[in-house]
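In what comes next, chain A is part of two complexes: it sits with chain B in the first one and with chain C in the second one.
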Partner chain A sequence: MMCFSISPGEALSNLKDEDMISAFHLAWFLTANRLRWPSALLVRWGQFALQGAVFGAVIAQLVEGVPHFQIYYVVGLLAIAIYNAGMLAGSELLSDAQYGVEDYFLALPTSRRILYSGRILGAGLMGLLFVGPPALAVLVLAGQWNLPVALYLILLICGISAGLAGIGLAFAAAFRQYEAFLMASSFVDAFVIRLSAALYPLAAMPVLYAAVAVYNPVSHIAWLLQPLFDIASPEVSSLGSVLLIAWIIAALISGDLVFTYRLEGRRR
Partner chain B sequence: MTFARQTSAIVRLDLFDFWRTRWVVAGFLSLHIADALIVLVVLDRLIPLDYIRFALPGVAASAVVLAALDQSRKVFWEFQARTHHYFRALPFKPTALVLARLIGAAVKAFTYAVGFVVPVAILGSMDLGRAIGTVGAIVFAGMGVGALGVAIGAVIREFGAWSATHSLLTLVLVTVSTAFYPPHVLEVVNPLLATAAMINPVSGVADILRWAFGPLGSTDVGAALIGPLLVLVALMVLGGWLYGLALARDR
Partner chain C sequence: MLFHPRPSRGIISLIVKAIVEAEALVKRYGNVIALDGVTLSIKEGELFCLLGPNGAGKSTFLLLLCTVLKPTSGKLYMAGYDVTKDSDAVRQLVGIAFQEPKLFWRHTVQEMIDFHIAMCGLGRAGRQRAKEILEILELSSLRHRRGLELSGGQQKRLEIARLLIRQPRIAIFDEPTAGIDIHGKHAVWHAINRLKASGTTVIVATNDVYEAERLADRVGILDKGRLVACDSLPALKALVPRGEVVELALSDGAVHQAQTLLGESEGVLECVMVSNTRLRAYVLHSSHSVPQILERLLRAGIEVHGVKMVEPSLDDVFLHFTGRGVVEPEG
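Our next item is the complex of A and B:
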């Protein structure tokens, strides 16, 4: 049932247990569907290992003024991977629309909001699968392993991936055409990732770039992760966490609104 | 139809297909433009060498490799959609088809990468003779790396395995090379990496660009090119042979 008259916050609180179960079922279906090529997981982990172990190690030999640059870089890669896991939800939506899977979902006796929640939860699960194992491996390699930190890390990965999926879904639902979305998201992702303080400290960036990086969600993810890996991060502040939470809430609300109103041509 | 016309017909087809697949071109452009405008500028402030001038040829070299390897996507989907039967049905010599695929990769690589070579030339010192040399090097590297892509596309028939191989190969070629760091630093991290980078075509293209537009001199680049040159010749032979074999077998 479509429910246009209530706000997303109200709708979320109105979800019943059976609705949540439906959303979890959908999340699991989407994840299992994505894993029909398990090699995708191995590629993600392999790319992460190669970039961290080779590019990170060699560039760390060249960089001056940033202590333990390799671990800084690797944690930045984790932050980027979390952002990518969230944004992947958008391309999944349009890919499903292209191959008719979304039509099947829309024909089910379930509300758009459940479909949206399922995709959000699915993104969290994907983040966990794609980023969780490498993140835990880095925690061990950095000598920072302990159970509460590991659990907190898992929670962060899952929560932020799911939260940022709202941006991906809003972006995808706004475009609706797969090729146009892929083109636009290539540019947006490339610039969002590089104009962040994930791969290099904010202090090293030119003023113009740093001004953008301060408000970039990828920077805030990196700053949130850095203390867990014992990286002294002068940028960490309560304001940063508030900004990241604001980003996630804005992402979820805009994703929900665009997803609900743009599907099947229901524009407002 | 002459051999040359048969070859050029397929080359044109590959070139137009590449530029028509706008999401692929957009993906490549976003990556290389963002690297050149942001990553190099920031790292230049952290690395005590003229890093933009050093690494910009690396961005151009990775552009050559990505565009040439895209031939893998073309060949893979042709076998999936079975449109290779169409090519087999044409009154074309099989050798023309194989050669066209390699030249097609080189032309794609050149037309895409030229936009990244121009800033390298602007920032460096211009020598017409050397600049012409870089055109030959890019075309040759495009053919060799394209042959590797063609081999992957022709041999692997499962999407997940193909996609994984293609992605990881691209990353290995760009990362284990001297595109973004000098060879002596690779040697410090791991001598094996330095050896692999010595024979990597990406290193070869980056070094040729540094030789043509500075800062490398002729003495630095001569011996360094023998390894990549031999690898490219081997890749062309292997890729051409495997593609020809796949076409002949899959009738």
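Our next item is the complex of A and C:
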């Protein structure tokens, strides 16, 4: 067996400076793909606007005890959209696998971790594309527009979308088949979204549901966003932020583990 | 210079070593065995052709080499690196042009090339080489077309261009000329030969016997996941223990009957069905055997449309080792 003077470990350490650049290239390439299809973006924004304007207005007439419930509701929709943008990274991965282009990525001279990082960053940009414009529009409509708040909002959207993308990628790498992923993620989404306090205050939820919702990442995303839209949120606490950060770290680590060690050896 | 020669490693470069070593390599997809105990080695700098019909396991072997798949069992080393344990290091050495082009439909040709150059860390030299390769493969005028606007042949050439631009130490082509017109085939073969001349080890999987004969230093024949032969072309041809080859053109449906009939004839060593209308007979002395063959066939009512003597080729090597043609007879 022949041996070369550079060990794999050394070869990798030589590459590290370029690794993040590669991840950014991949993230931008994946995002550019979305930008080439503006009608899909417009449809998403349109659906959001319709849901917030029509359903939000109707439900606000029915709900008593929560001031400006339409804004509360729309901010909840934003929280759900951020979570969905993170999960979308998983379906994008499987869609790429189905069309064969994932094989191209897997054969590139980069580590699996760089591919994973690129997809995570891509999810952040995707979150920005999907949720950023509606979120800024809501900020204007709620009369809360100012530049620092807008920038903070954008940062939150990107960061949380990217952070939660680990869940989507872990699911995708674990299930490997598009249909299986859709079934599993729809099942999980159904609980995560409905058992969150994004669309209704925690105090209004039955005790059992509220006990679950308090640990739900979507609840914490909503609670983090609410003050930016001048919604008094009794649930906001530093513990909540810690919990959300813990969720993000857990999502990223589990995504990395499943993606790196399972995808590479996947059966086709 | 299009393909830049690799720097010599002094006296070490004089010793030709194996850059690919597979030992009892197995790949299973569930209950299906795609590769069944393949053992082979490929020397640095050689052009190795993997020949086999569709479903023989060629693509699976190539995907293992470039770490897209992992072996079920066995060992596979690329330049001394274990593909399972050191896959990151292996990917630094290996590049592949896939059988089915892996393109992005909404990106332009130029964007796909730019992305490839960036991800492979090729820099300015890569951009310069890209210009030349796109010119050679007649893709320059298509730089602003999106993936979905390219024809099948253009997509295939773009897939090959990406590998040529990268110029890795080990370049893998999976059926590089499938779906490309004859003019394009010659351009691709020329580019592959120049890549080899620059010092790159080239591995080509094909089911085109002519392509293998034209390109290969050595040929490996893969059949149903097993490597049934592996050597240089002259050595493989020498292994075929036959005198002369007679090819008969028959009516559709008469080949099986003729094969049975001639298989029992004196002077006929072996009869192999090449297609639904072509039968190949291996005879000791054609001057004696051909009249006897024709007489037997005509007596049995089998219409013979043509007879020709052919030189033993790689096709015959394949027939010898597998008992059938590279392209499976229909039905």
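Keep in mind that, in the parts below, the second predicted complex is superposed on the first by the 246 of 268 C-alpha atoms of A that agree within 3 Å, B and C clash if a C-alpha of one lies under 4 Å from a C-alpha of the other, contacts with A are read in each partner's own complex, and residues count from 1 in each chain.
To be clear about the criterion, contacts are C-beta pairs under 8 Å (C-beta built on N, C-alpha and C of every residue); 3 or more make two chains touch, one makes a residue touch a chain.
Just so we're clear, the structure is a prediction, and the values are computed from it rather than from any experiment.
J.: For A:37, select first, second, both or neither according to whether it touches chain B, chain C, the two together, or no partner.
T.: both
J.: Taking the superposition as given, does A:194 touch the first partner, chain B, the second, chain C, both, or neither?
T.: A:194: touches chain B, not chain C.
J.: When the two structures are overlaid on chain A, which partner does A:206 contact: first (chain B), second (chain C), both, or neither?
T.: first
J.: So, does A:111 touch the first partner chain B, the second partner chain C, both, or neither?
T.: After superposition on chain A, A:111 lies in contact with chain C alone.
J.: Scan A:242 for contacts with chain B and chain C and give back first, second, both or neither.
T.: After superposition on chain A, A:242 lies in contact with neither partner.
J.: Is A:18 touching the first partner chain B, the second partner chain C, both, or neither of them?
T.: In the superposition, A:18 touches chain C alone.
J.: Pick one for A:232: touches chain B only (first), chain C only (second), both, or neither.
T.: In the superposed model, A:232 contacts neither chain B nor chain C.
J.: Please report the chain A residues shared by its interface with chain B and its interface with chain C.
T.: Chain A residues touching both partners: 36-37.
J.: Write out the stretch or stretches of chain A touching chain B in their complex.
T.: On the chain A side, the touching residues are 36-40, 42-43, 46-47, 50-51, 54-55, 57-59, 61-66, 179, 182-183, 186-187, 189-191, 193-195, 199-200, 204-206, 209.
J.: Going by the contact rule at the top, pick out the chain B residues touching chain A in the complex.
T.: So the residues of chain B touching chain A come out as 22-23, 26-27, 29-31, 33-35, 38-39, 41-43, 45-49, 159-161, 163-164, 167-168, 171-172, 175-176, 180-181, 185-186, 188-190, 193.
J.: For the complex, give me every residue of chain C touching chain A.
T.: Those residues of chain C that touch chain A are 17-19, 21, 29-30, 63, 66-70, 77, 79-81, 86-89, 91-92, 94-96, 98, 100, 102-104, 106-107, 111, 115, 118-121, 146, 168.
J.: Under the definition above, what is the set of chain A residues touching chain C in their complex?
T.: For chain A paired with chain C, touching residues are 1-4, 8, 11-12, 15, 18, 21-22, 25-26, 29, 32-33, 36-37, 100-101, 103-104, 106-112, 264-268.
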